[in-house]
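As written, the chains take the letters A, B, C and D, and residue 1 is the first residue of each chain.
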Amino acid sequence: MTHGLAHDTELTDRQFEVGMLTRVEGEGSLTLHVSDGEVVQARLGIFEAPRYFERLVVGRTPDEVIDIVARICGICPVAYQMSAVHAFESLFGVEVSPEVRRLRRLFYCGEWIESHALHVYLLHAPDFLGYPSAIELARDYREVVERALALKRTGNRLVAMLGARPIHPLTVRVGGFSRVPMREELMSLRRALDEALEVALATVSFVAGLEAPRFEREPRLVSLRHPDEYPMNDGRIISNDGLDIAIDAWRDAFEEDQVSWSNALQARTHAGEVYLLGPSSRLTLNSDRLHPRAAEALASIGLADEIRLNPFWSIAARAIELVHAVAESIDIIDGYRRPDRAFEPGTSRPGVAAWATEAPRGLLFHRYVIDDAGLVAAAQIVPPTSQNQAAIEADLTAFAPSILTLPQAQATHRLEQLIRSYDPCISCATHFLDLRIEAPVR
Amino acid sequence: MVNPNQTAYFLPRGDLDLLIQSLRSDDRDVVGPHVRDGALVLDEIESATDLPVGVGALNAPGRSNIVEGDGTRVFDQPPGAMSWKRWTFPPRVTQAVWTDSEGPIPARQIENPPRHITRKAFLGVRACEIAALRIQDKVLMGGPVVDSDYVARRNDNLIVAVECAVAGGTCFCTSMGTGPEVTDGFDLALSELDDGFVIRVGSPAGWLIVEELPVTPATDGQLADARASVSRVRDQMPTTVATEGLPQQLIAAAESPRWQQIAERCLACTNCTLVCPTCFCTSVSQHSDLDGRSASTERSWDSCFTLDFARVAGGNFRPRTADRYRQWLTHKFATWTEQFGSFGCVGCGRCITWCPVGIDVRDELMAIAPPSADPVRIELPIRTPIQEQHRPMPWVPATVIDKRRETADAVTLRFRTDYAPLLAGQPGQFVMASLPAVAAPPISVSRFHEDGFELTIRAAGAATAQICALERGEILSVRGPVGRGWPVEQAIGRDVMVITGGIGLAPLRPLLDWLIAEREHIARIQLSYGARTPADRLYTDELAKLARGGIIEVAETVDRAGPEWLGRVGVVTQVIDRVMCSCDRTVAFICGPERMMQATVDVLHERGVPDERIWVTLERHMDCGVGLCGHCQLGAKFVCKDGPVFSLAELGPAFAIEGL
Amino acid sequence: MTATGIPLTPRPQPNPRWAAARRPRVGVVKFSSCDGCQLTMLDLEDELLAITERFEIVEFAEATSNRSHGPFDVLLVEGSISTSDQAEEIVQLRHQATSLVAIGACATSGGIQALRNLGDHDAFRKAVYPNPQWIEALATSKPVSEYVAVDAELYGCPISGRQLLELLTALTVGRRAQLPDEAVCAECKRLGNPCILVTHGVACLGPVTRTGCGALCPSFGRGCYGCFGPRESANTPSLGDWLRTIGYGDDEIAREFAKFNVGAPAFRQMVEDKS
Amino acid sequence: MTTSPHRLGTLEDKLAAAWLTHGVRPHMRGVLAALAESRPVAAGQVLFREGDLSDFLAVVLAGRIGLRLRVPERGPVTILTVEPGDVVGWSAVVPPYRATSTAVALADSEVAYFNGVELRAALDEDDSLAAEFYPLVLRAVARRLEGTRLQLLDLFSQRWVEPW
């Protein structure tokens, strides 16, 4: 189950390595070195090969950028397209129609459903139930896996309905969509969504019944917050320790630096503090904005504190967000009126286009410099995983002592499970333009 | 108030919707022009408001734009993006469906999937499109084998024609003699006037509709206006393609450098063929589910512009875009006339409008085949009656009763069947062999028996490999015998040269059987057989026995051999050019790779054997075997039904020209 | 043609290159890519369980913690080769695989990251990383076929789930996978879309792009951007000339082709000619 | 085409019946017959080896002569058989007069044997003989070239091609 060398030495001085993290998206590794019960080094290595996306979008038009950044990640392409399109629209002063704004949320709901269903059931649940994968899980709990696939299918159908296909959708453009669906088309998903809501609720009770490893810490949580919506593609950037900045002002509070063991940059606050993004942060900071159905579900399992304090419980946060995304999708479809125009015309203007949206894995920040020709001159893309990377390493350091008594393989698996609980999206994480260089940890 | 002696009526503009409603109340789906996504398409019409009222369209090579038209007029557009074949000959049709109780591979067939074909009324059919429907009728139900799906869909279409009031920038129906006047082939024909429509009745079905409408007899003035309107269109459309002598001109220009020049612009994207209202080529694809418990075949529109279209084992007959464009253009404007008695083009201009790079077929034709001196007029076919006696050729089961290995990768399978036509097959005919979920390749019959037939197959691909793997007792579905075989009677009283190579001996074996049975009527039988190596020869024992008995002269040769081989080495042409034949009495039957046959023919010509007595069997890609899928065309010939056996005299230059 | 009344049929043999008894061993590995193509298999929700029953998934890091270094009956390879480690690993994997199938634009043409093949790699590295010396990568991003022989290729960014299923099904029944090499236009016309290039003058690469996606872009109101790569005899110069005649600038035309299959010769040539 | 090695008739008759020489005008055929002598060749007998100086030319009258090339890794390969009526050893009249392959009798055969030196001398002296004779050799060699080209195309190769 673990790769690379995993050798037992005396308990006081141990090395844990996972050469290739599995059931995560992209290629990463874990190195944890413990000496005299002290963690001297915890590294989440990212050896996913660099693809230089910030450079690839230079000299491109905004609409081309929207197509290109989707390719950063096959699991959350919608998120990349949303952060980019909102950034451009904010610079160009394009006001999308209310219908299109709702369709964008519906689009995002589809991706949350697909991504969370994938992670909860196919990637994360096997850890709790002691299976190497959902394939083996299906042998004993076929109906559970079929349920998961049905839920995931509905999410994918939503994305495909608006974006033509679930992976790398192709209809997003500045001002709206290249095509918006007929009402009948959306209604054709209505029944699937009703079933999906049942499944999502069942998922909540399913995860509530799981047993998570004991581990508590008080992380700094960051997410978007909107006056009256559960945050997706609008609002302000806030934290549980008082941060409250505009959605395009990420750089006022955070910065990235490069470390030698990773092809991803790590983000910290200007003060050098680590922080955590993702479902647990979103939920903790916005539980009062949940759809009533999701709020009920959360109340019924009452795991709010666990979700905040124990990273393993992020699976519950995802389950709650599944309920929210499905319930909101139903509301949007029921109220849908096809807009006369699929997109508002917009005219490019030079300047800085910046925006952040809530990818399934957390805050995704894009910043583009547009030149006089209307082409991108420079770009910065800060995905959630690179921002979480430092927090994950901090948590590994904090968690390690509790597993030192376990046999090597079991301990290593625990560490891998901890990493998986952040749903790291590693190919996303690989590529970023940096601002300030810090000497790498040696 | 309808008077049976009266055939022309007037319907006020405001009552057009009544026409649509009466068509619908006649239990028909009405299909007509409609504007969608900024383009003129054909779609289901529920009321007059769905029609393109006050809309015009400007067509030019590679361009089509919807424009503001006359506020109230409905039909002031040239033909739109789609043709009616979408409804009479849909892009995709599921054919056979198989299911199986225990798997893993489908074994039981559900009869053809039930078709729910609703009665349709086509509203707004232009003169050129009526001509196009007739042409497809001729192709798909003119026999000998009909496309039963097409017949079912064509049955009971109600045609509400509309006479054009404007000419599009790419229209050339006047050149092709198909319009703009609507003369016949309709149930109702509308001519749009400013205040309404002159309706002509063309059939009893049309009567029933008109009787329900608040029409008045058309006045002479209204009739005159209608005539004036359409004649204006004729004047707007100068004759741009001189069709007289065009077929001969095109055939003569087969080697014109212009083909390569067009190929530099042509994208081979298939748009022209798929928007064309007469193009009928299709391919059959195989579908099956993952555990192989069910399978189906699907017929879908294909085009002579795709690479796979002319693909065969060993290569491709039209690898270059120039070959494909020439095939398309010469088929439309030359060989079609020989096949079906009319041009394959009706001058609707779609191939010009919808060419993404604006290639104008009118200009290309005039550049390649400028008007000629000796005109030949070609008439449209009269409306083709559905041929009741013609039936789709059935698939029948044949049981493997014997299996013999011939070479490392070839076997001979003996099948039993009680299907009489198969038992009465002629030497040189072939069968289509169906492997659900895999393919349905054509395979020559290598011997006929009273109770069945033999196939000799080389495992050259997935399908042939699986046929080779059949064992005694297993069953293969076949359709046939198809094709025209060897003209055996030609052998009577003559010296017969049978010249072949490799697996090519298989289709000649039934011929040898016949010759041997008729031995006393035949002066001399010489078999020249080339193979790659000694191990690649077929039927070695049989041939040895025949040779020993002096029944036939057998000269075998191989391309290469080790020292253990004491027989001939060299290509088959080196055998026959040493043969001292009295060639004035010789008839030659040849089968092998086309290049080998060409070399052989050269030698035979040298020896003075006339084209009439040189017979070859050709290989082409085939998806149906009955002349409907269009893949196997060689010039004006369908290799599957006109061949595969041809005399050189029949083929003419077609045999020698690359890429036809 | 019509196929009527086929009463009985033979059982096609399993792929002769496999022992009939055991389930074929399938591996899924990735190099430089976004994971979208392997995710396509997980997105076959209706067939996924059937696939795992018909095949033994022995390596698929994104989906299972069970690992294998081979041997594989079928190895699906996602991603382009863009580091020297990858160049070595793909050779090792080739030795372990009976059939090696490259899946997706990255594996078949180098992907969007192949844009660096046209430029100066160091410039790319410096543009993104403050300490480029820590970044180990080749100057080029190349398709798998540049390093080892591939038995089949699935095109697309991402690949089509239908084509992936066709490939797997074809392997099980032993037929030639039906992956047509015709233009996107053919499917677009079967769907009944009026040509978007002809009606709206929108740049559409459909005529030179391989089919397989289902003509999604034109069906959703935009021009094809060539994510399945060039088809056989793709006449890109002619399309380029036409785009210029309807008002596109050379730089715009170059950018149309400089996307997810920029590594494919027919597209790359246009980028180099026009920029 | 019967290939019995025991045909009757004079050498001149046999040359008249041979594919190579049947077109030759009768009196020239006489001249040729005078230059030639009929020789039996036993199966297995090597007439000459690749690279040898070619000291004779022969028209095969009966039997079969195999022309072989040595391919060290694959052993000898028969690339062509010379059948009755055809010529073997044409290199005897074409500089540099060296055999281009090894000739072995694959069956008991009979040939019309022309001594190379004498033949060349006769051709040098008698222009009309040369004018009659060289085209025959050219025709035979040209035919072999054609055949070799077709062999190169390997038309019956067993490639795994899948049209369906």
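We adopt the following convention: a residue touches a chain if its C-beta (ideal position, glycine included) is under 8 Å from a C-beta of that chain, and two chains touch if they have at least 3 such contacts.
All values reported here derive from a predicted model rather than from experimental measurement.
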Chain pair, B-C or A-C, that carries the greater number of C-beta contacts: B-C
Taking each chain's C-alpha mean as its centre, the one farthest from chain B: A
Identity of the most central chain, Cα criterion: C
Distance between chain centroids, defined by C-alpha means - chain B, chain C (Å): 33
Separation of chain C from chain D, taking each centre as the mean of its C-alpha atoms, in whole Å: 57
Whole-Å gap between the CA centroids of chain A and chain C: 26
Residue list for chain A, restricted to those that touch at least two other chains: none
Where chain D touches two or more other chains, by residue: 162, 164
Multi-chain contact sites of chain C, meaning residues that touch two or more partners: 176, 221
Chain B - residues contacting chain D, complex: 311-315, 409, 438-441, 458, 460-463, 501-502, 530-532, 536, 553, 555, 557, 559-563, 565-571, 573-575, 577-580, 592-593, 595-596, 599, 621
Sites on chain B touched by chain C in the complex: 36-41, 62-66, 80-82, 86, 91-92, 95-96, 98, 104-109, 111-112, 145, 147-149, 264-271, 274-275, 282, 284-286, 288-292, 297, 299-303, 306-308, 320-321, 353-354, 356-358, 392, 394-397, 434-440, 461-463, 465-467, 469-470, 474-477, 479, 623-626, 628-629
Residues of chain A touching chain C in the complex: 1, 3, 20-27, 48-56, 58-61, 64, 67-68, 71-75, 77, 118, 122-123, 126, 132-136, 138, 142, 145-146, 149-150, 152-153, 156, 164-168, 170-171, 173, 178-179, 257-258, 260, 263, 265, 342, 416, 427, 431-434, 437, 440
Chain C residues within the chain B interface of the complex: 1-13, 16, 47, 50-51, 53-54, 165, 168-169, 172-176, 178, 180-183, 185-186, 189-195, 197-201, 204, 206-208, 221, 232-233, 235, 238-239, 241-242
Complex contact set, residues of chain C against chain A: 30-40, 42-43, 45-46, 48-49, 52, 57, 60-67, 82-83, 86, 111-113, 115-116, 123-125, 127-131, 134-135, 137, 141, 157-158, 213, 216-217, 219-222, 225, 227, 255, 259-260
